[in-house]
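Before I ask anything, let me first share the structure, which is written out below as structure tokens.
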Amino acid sequence: MRFVTFGEIMLRLKPPGAERFLQSPAFEATFGGGEANVAVSLARFGLESSFVTAVPDSPMGEACIGELRRYGVDTNMILKTGKRLGIYFLEQGAAQRSSVVIYDRENSSVSETSAEKYDWEKIFAGASWFHITGITPAISLNASNVALAAVNQAKKRGLTVSCDLNYRGKLWKYGKKAPEVMSEIMRFADIAVGNEEDCQKSLGIDPGFTTGNAGFDEKRYRVITDAVLDSFPDLKKIALTLRQSVSADSNGWSAVLNNRKEYIGSLRYDINDIVDRVGSGDAFAAGLIYGLNKYDEDREALNFAVAASCLKHSVPGDFPLITETEVLNLLKSGGSGRVVR
Amino acid sequence: MRFVTFGEIMLRLKPPGAERFLQSPAFEATFGGGEANVAVSLARFGLESSFVTAVPDSPMGEACIGELRRYGVDTNMILKTGKRLGIYFLEQGAAQRSSVVIYDRENSSVSETSAEKYDWEKIFAGASWFHITGITPAISLNASNVALAAVNQAKKRGLTVSCDLNYRGKLWKYGKKAPEVMSEIMRFADIAVGNEEDCQKSLGIDPGFTTGNAGFDEKRYRVITDAVLDSFPDLKKIALTLRQSVSADSNGWSAVLNNRKEYIGSLRYDINDIVDRVGSGDAFAAGLIYGLNKYDEDREALNFAVAASCLKHSVPGDFPLITETEVLNLLKSGGSGRVVR
Amino acid sequence: MRFVTFGEIMLRLKPPGAERFLQSPAFEATFGGGEANVAVSLARFGLESSFVTAVPDSPMGEACIGELRRYGVDTNMILKTGKRLGIYFLEQGAAQRSSVVIYDRENSSVSETSAEKYDWEKIFAGASWFHITGITPAISLNASNVALAAVNQAKKRGLTVSCDLNYRGKLWKYGKKAPEVMSEIMRFADIAVGNEEDCQKSLGIDPGFTTGNAGFDEKRYRVITDAVLDSFPDLKKIALTLRQSVSADSNGWSAVLNNRKEYIGSLRYDINDIVDRVGSGDAFAAGLIYGLNKYDEDREALNFAVAASCLKHSVPGDFPLITETEVLNLLKSGGSGRVVR
Amino acid sequence: MRFVTFGEIMLRLKPPGAERFLQSPAFEATFGGGEANVAVSLARFGLESSFVTAVPDSPMGEACIGELRRYGVDTNMILKTGKRLGIYFLEQGAAQRSSVVIYDRENSSVSETSAEKYDWEKIFAGASWFHITGITPAISLNASNVALAAVNQAKKRGLTVSCDLNYRGKLWKYGKKAPEVMSEIMRFADIAVGNEEDCQKSLGIDPGFTTGNAGFDEKRYRVITDAVLDSFPDLKKIALTLRQSVSADSNGWSAVLNNRKEYIGSLRYDINDIVDRVGSGDAFAAGLIYGLNKYDEDREALNFAVAASCLKHSVPGDFPLITETEVLNLLKSGGSGRVVR
Amino acid sequence: MRFVTFGEIMLRLKPPGAERFLQSPAFEATFGGGEANVAVSLARFGLESSFVTAVPDSPMGEACIGELRRYGVDTNMILKTGKRLGIYFLEQGAAQRSSVVIYDRENSSVSETSAEKYDWEKIFAGASWFHITGITPAISLNASNVALAAVNQAKKRGLTVSCDLNYRGKLWKYGKKAPEVMSEIMRFADIAVGNEEDCQKSLGIDPGFTTGNAGFDEKRYRVITDAVLDSFPDLKKIALTLRQSVSADSNGWSAVLNNRKEYIGSLRYDINDIVDRVGSGDAFAAGLIYGLNKYDEDREALNFAVAASCLKHSVPGDFPLITETEVLNLLKSGGSGRVVR
Amino acid sequence: MRFVTFGEIMLRLKPPGAERFLQSPAFEATFGGGEANVAVSLARFGLESSFVTAVPDSPMGEACIGELRRYGVDTNMILKTGKRLGIYFLEQGAAQRSSVVIYDRENSSVSETSAEKYDWEKIFAGASWFHITGITPAISLNASNVALAAVNQAKKRGLTVSCDLNYRGKLWKYGKKAPEVMSEIMRFADIAVGNEEDCQKSLGIDPGFTTGNAGFDEKRYRVITDAVLDSFPDLKKIALTLRQSVSADSNGWSAVLNNRKEYIGSLRYDINDIVDRVGSGDAFAAGLIYGLNKYDEDREALNFAVAASCLKHSVPGDFPLITETEVLNLLKSGGSGRVVR
């Protein structure tokens, strides 16, 4: 069973520690991106995980591929073409100060490589699952076309398709609106992942009220997930994460899943002293994909996903470098953080 | 409108992270000092901000000036004279362990440069505001004379004068007592800033009781501020910060302002996972100066000051590298620290 | 009065910050080990502290000795012999992720150096106290023989013997079981230190119930300490630490002491934003040794030990780099972490 | 007397030390660019130096401006507009391995900002000198138009115009050929700077032979410089640098100047253990500008320029952080590198 | 065509820069070992390169495999078994001070894993070349047995076998002498690589004179290579490297090859400012393997090998991160180290 | 046999690598000073080495003492008194750029502690050798008095006294001239060490000609050393180092010794790729002291000293971390820098 993910991977440049941009003349330089993070996480869980993208034929592109390979991701379907690797600058927040993301990803290889450049036959050969997110169709018209082609190709080959709605307000600049494009893509999806804001902004679904940070009435999430399921009749399940942002360092973290039969609330974790929350939504998506393939019960899959993404908050960088054993230990122990020796 | 600040700027040497002095053979090397921090903060808020001091005519003095200039401070009135740049060593506390400051600032350029070396005419030309603190008069007899000359010169040119009382127990070694000198300086002040301990130790004002860490009866601060206002009839307003130190990493943070008409309590922030609390009092003073110039209502100025200084706790180094937009966002959002992307 | 400690000191290799193993190609490289940590802590408290061990006659062994000497430990009784310095890899946990320790200490110099190589006459000349832990007898059959010889030699010279039970599940691989060996060593002990798990796993003492993380019924610790005291009639006192692990960053920390006359509960500290908890048990042991020598009242000794080890949580590395003054300040102030300046 | 420089400043990302791209997950992050380097160097020499460019209105643009300001460059004429800051990746060579530069500067603010956005009146008010290079017209059609407008505007206001030919083979992709554009710009130049390859590739001037690395027949440079002077009748002087690349770490360094009256050869330096050779050509240009303004004799100006740029090879980063005193000391002492204490 | 290499890969711990062991509490932590270096180099040249070894089933073993995979090495035949990863400490020399290597590789996984644990059928399936070195048989009796089994298995499947003699004086401690074991292994070799000392100490071949550092009479190397070829009638070619160590930073570098028909001397490089010479012999072996497969002429293969290994001296770490293009450029340009931009 | 050294030890602050002051906001922070360097070097050679100085009773003083102790220096005679630790800032030169030293050592503990504070009885008890340098008497009038008292006390107890002339032009500011003070101190010396400039500036001895960098006529050094020996009839031997500064990275290094009977020239080393030349003169002095105690022949002592100090150039920091074995290896091998493995 092979799991395929398609999307953009970027160079991530972050000042050391909690420094503001260029307080010191240095950047921590890693790689990341919503879909790549999922691909890495699946590989860390021991699955056969292929990442499909385009990177420039340069030492930077080479380094990017090497880093994915290092964590066990199959990179054989990555195209070496185009002009540049997308970049994102990340200034990590602390206490009451928010993290800041500056995108410098226009004209990247993946945003300008057209659908026919990809060999979908080879990409999906022997694969059982395809994962995509709402970020790819947001970066350029071309990328949205590739995204659509990809889900189409995956679906017609019988793969399960999962889609993380992932609304990014700083993208979607090329003319089309998110709901217009995402609704088309979602028609191919079996599983949807996201949060409340994604449902509203990515799909244009208005539940008629706001939940907001305070209150967190989990039951009202039922209304929203029902609304999404109603809009996309082929969608089998939708899971939403619930983040209570107390500060940049402290978050509550849980999720719900609606599979048309049940509406399930997950375990909840209070995460303090967050090391890096970027990629935690992707860790949730990967955990859910893994869980749905491993467990019979959706509740177990959902809790696996929540625990996996809880642990991601403790790992520097975008990549969810978390093993299945660690997730299971957290589910058993409750996360007291005792030294293992 | 130009804002002038006078005082000492020091080389700040801090072990990496939470290390004790010289666990590793390295120091983070930045610059800071109560008044310089205010000057930088005002410049980050977009104001025309001049810093007046004396530094040695050496690569260290040059680097110090360059760093101020980098953040937009006007350094044209800085004298290059004297023997050395003051230094302070900072060991950052954590959990129940306090931060430690070791001063090595004796015989610094600013402590030995006399009042007549400064061209007050040029310094105050076109300026509307002058800020000084209780640190300068504490470092040497000469510096206290310069401080007195400065407020005198500022006042007679019609500038608004603000004074941060800033009591430093490790200074005041040259013979005079703090209240003796500070009372003279305060006669020129329009606005005073400080905390409860400053009022007692810097001005010798005894409210007849201690407030202390526990209890934090904000109303009792009214008694203290009233007492200060009574002592200095020309003083228009006084604002005090209230820090509840739970641990080196966790503080409660708020303030009060007494303008003879109203006694105002500010918003209150629980700051956990503090990155660097040095300079937060200065960020408060700068925020108040900015706020009093921007807002009609003292309450708004006070809340701006509290929010600005709350954010300073998340920035490494002495300098409050915080923009007006960030302060306003915190005032709007409440500081949940969500990633901005 | 000289205090002697015997055991293993290892090279400790830790990824920077909260990184997972080899995310970056770098290790922080320090030294540590249960007994060495105690020796360093006693030296920092100003006591004459000798550490006895064996390290290879190599630049690594030399560096290790130098580091002990740097912190004031007498290293004249350290043997330079054997093949290698033990190593332990430490991945520091964060939030819900536990710290991971990987031992690479087999065949180390101390594990293979036999009892007769040590000059016990010289080692114990003029000494009044000997400290040992349950780690040494766990590393090899030879080391357990040396440990037994050491307590025997110390006892017959009239030294007070303290033993930290310190159960390490990843060791004890050479054939013998912990209770078998530790019970023999404990017959020589005047003072025992440990935690609840140590009592059970190191000594095989089953209180007939589990206390566990939740609940923390301090009175039930009385039952356990009574059981240990009953088993070892020459044992005068036993102190146990109580760690409530909320997460890798947040722990509750307290202790109890049973001296056959009184059963004493200590002060309790909530430690958040833990910097490094490795070595905190050793800091407790050292604090207790210091306290029992300094105070008449066991309660004061116990509180000193708890405060000292609370502070260790704020210091990077194994070594408890904490002075007596700092412990006393914490006992006085309650640990609000105000900047000392 | 104010000196104006126009061009692009980029974020420079370089692996630590001699590492290949992303061996470690870190970049040294500084700023640089041919023209910015000249502006910084002139400011370090104590001249009034204005840099004109466009950077995005973002924290990255802000940091870039701050860094120029730090080194004393007037940044008041820098426009905050456009989409992104150009980036260049630098892998530093060593021994027989060449340095590698990867440009990621397309669509940068300065390449897309049109001539009319710049307020030439204000830019050139009170200025006496304008410096430009062959890099700017190479980055985009728009930039070449701005470059042409700039020299035009400078010339008609009576400024001296200097042009560093600076051929960059990886640029010039927008359609026009270098000689076509550069010949037009050079019609406005009083002073030209470059090397042999620049003359050939930037201006299309073929001396009818190659000089090459071996041989270094300085007199043949006379032929080339004569040819350039013949082509541009308004050009008063041309200076060419001669680099003998022995390895990435060892270079011979000298220059010639032809002022139509004399043909002058400079001092020659053997530079071993090069720290960073990027920006040394710019240091030469800045040194020459400074020297021509300071000295009556072109020979002295040329030697100043060669010594200044020799010293640049010892400074990490693009910026020639070299003072006039240091250059004069080198000219006096011959560069034995004794410790000054 | 697949190239298989078998041997040990170790964790390499090196102080930063030119520091002595533990001057700073940090180690650069990478991976390396003679055979792994060859495997990585072959992969960087674009060949299908498999590395066979045993590493512990631990995060350290996992990280080691990941690093090989990152650089494109096939790691599917690596066994996860045994107790520990070998370690070597490297203190980098400078000027007249030699580099120091301390091995801590006893009891490593590969030294204790027996021949029958390896699936030779799978390892050599479809492979055309097998490379081994004199290091593996030096680490333990078991490892020497595996080495012998490996060449046996390779030979009987018709692979070309190359052997780097690689004498390591600090190993060979388990009882057998190097010539005894190596002579047996060499009976299976088609190609031998080494230096003069290797021939003498690894094979016991005494040419009847010493060449030594001074003199470097390349023709006398003919006598030595003839002697080796005479001893091993199936050996087709032998290549020796000639290192002239001027200092830790400056070496002359060349090689000779004797293929029974011709005796060929290579190009010679003076390498100054060496970044890291560890692994340069391995880079030579890999370059020769690549060259012999690419070129018809042995001279071209030899020069490719010398150029490749010359470039390795400029790359930090054990791994020869050098591409074919870079080698060809050096062969063309002569290594003047000009910036490529 | 105990060797006593008296002088100042300072905090040494150096930018990373070859950076100029504060290019990065960091300093490497180590300790050093002419006399402390000698004490450390003697301890590394295995001698009993006591360092006498005064440092403040602060964490900085404590860290300084700890670092000396780490390298085996006896610190029991160090006084904890006075206000501050002297500091020196070091910017490391490269290529043609000189290193820069900025002293910030006025008012240091050792400069203000008077002679009677030192317990000379205890200091010299059982000692056989006392070493002092021309730096101490240069820092303050008080320090010069202590220096005089020290040599007086040493001499009357029959110790051998050695004096490194060590002229520092940036010191000697308190009124007295170097020759006036140094001539008095030298009356107590048995052994003198220095270079040509020291003889002239420290002692006021004018040989009637300049030797200079070029020429290096070793025989003319005979005239200088004869002149010194003539001036101080009790002086037994004088050794001078000869540094040929080619650049900051490349020096020739040798020495001469005149013992009234012989005039001896040493081996000569060409040192390229210098890592850190600070402290190499001190390494020479320590090597000479060691050599004179070890060898019968002055020639051997001199060569040992030159080889030891040659090796110091390869060690970062002030301290000559070089063992006797390493010096002997260099004397044997000639310093080809081969890897020892």
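Here the chain labels run A, B, C, D, E and F in written order, and each chain numbers its own residues starting at 1.
Here is the rule we go by: a contact is a pair of C-beta atoms (placed from the backbone, for glycine too) under 8 Å apart; a residue touches a chain by one contact, two chains touch by 3 or more.
Source: prediction; values computed, not measured.
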Pair with more cross-chain C-beta pairs in contact, given A-F and B-D: B-D
Cα-centroid distance, chain B relative to chain C, in whole angstrom: 44
Euclidean distance of C-alpha centroids - chain C vs chain D, Å: 62
Set of chain A residues in contact with two or more other chains: 17, 20, 23, 25-26, 66-67, 100, 272-273
Chain-level touch network, classified as line, ring, star, complete or other: complete
For the chain D and chain E complex, residues of the former touching the latter: 17-20, 23, 93-101, 103, 168-170, 213, 245-250, 272-273, 277-278
Residue numbers on chain D that touch chain F, as the complex places them: 17, 269, 271-275, 310-311, 313-317, 321, 326, 329-330, 335-341
Contacting residues of chain B [partner chain F, same complex]: 13, 20-22, 25-30, 58-60, 62-63, 66-67, 83-85, 87, 89, 91, 100, 102, 104, 106-107
Chain D-facing residues of chain B, complex: 66-67, 69-72
Complex interface listing, chain F residues touching chain A: 23-26
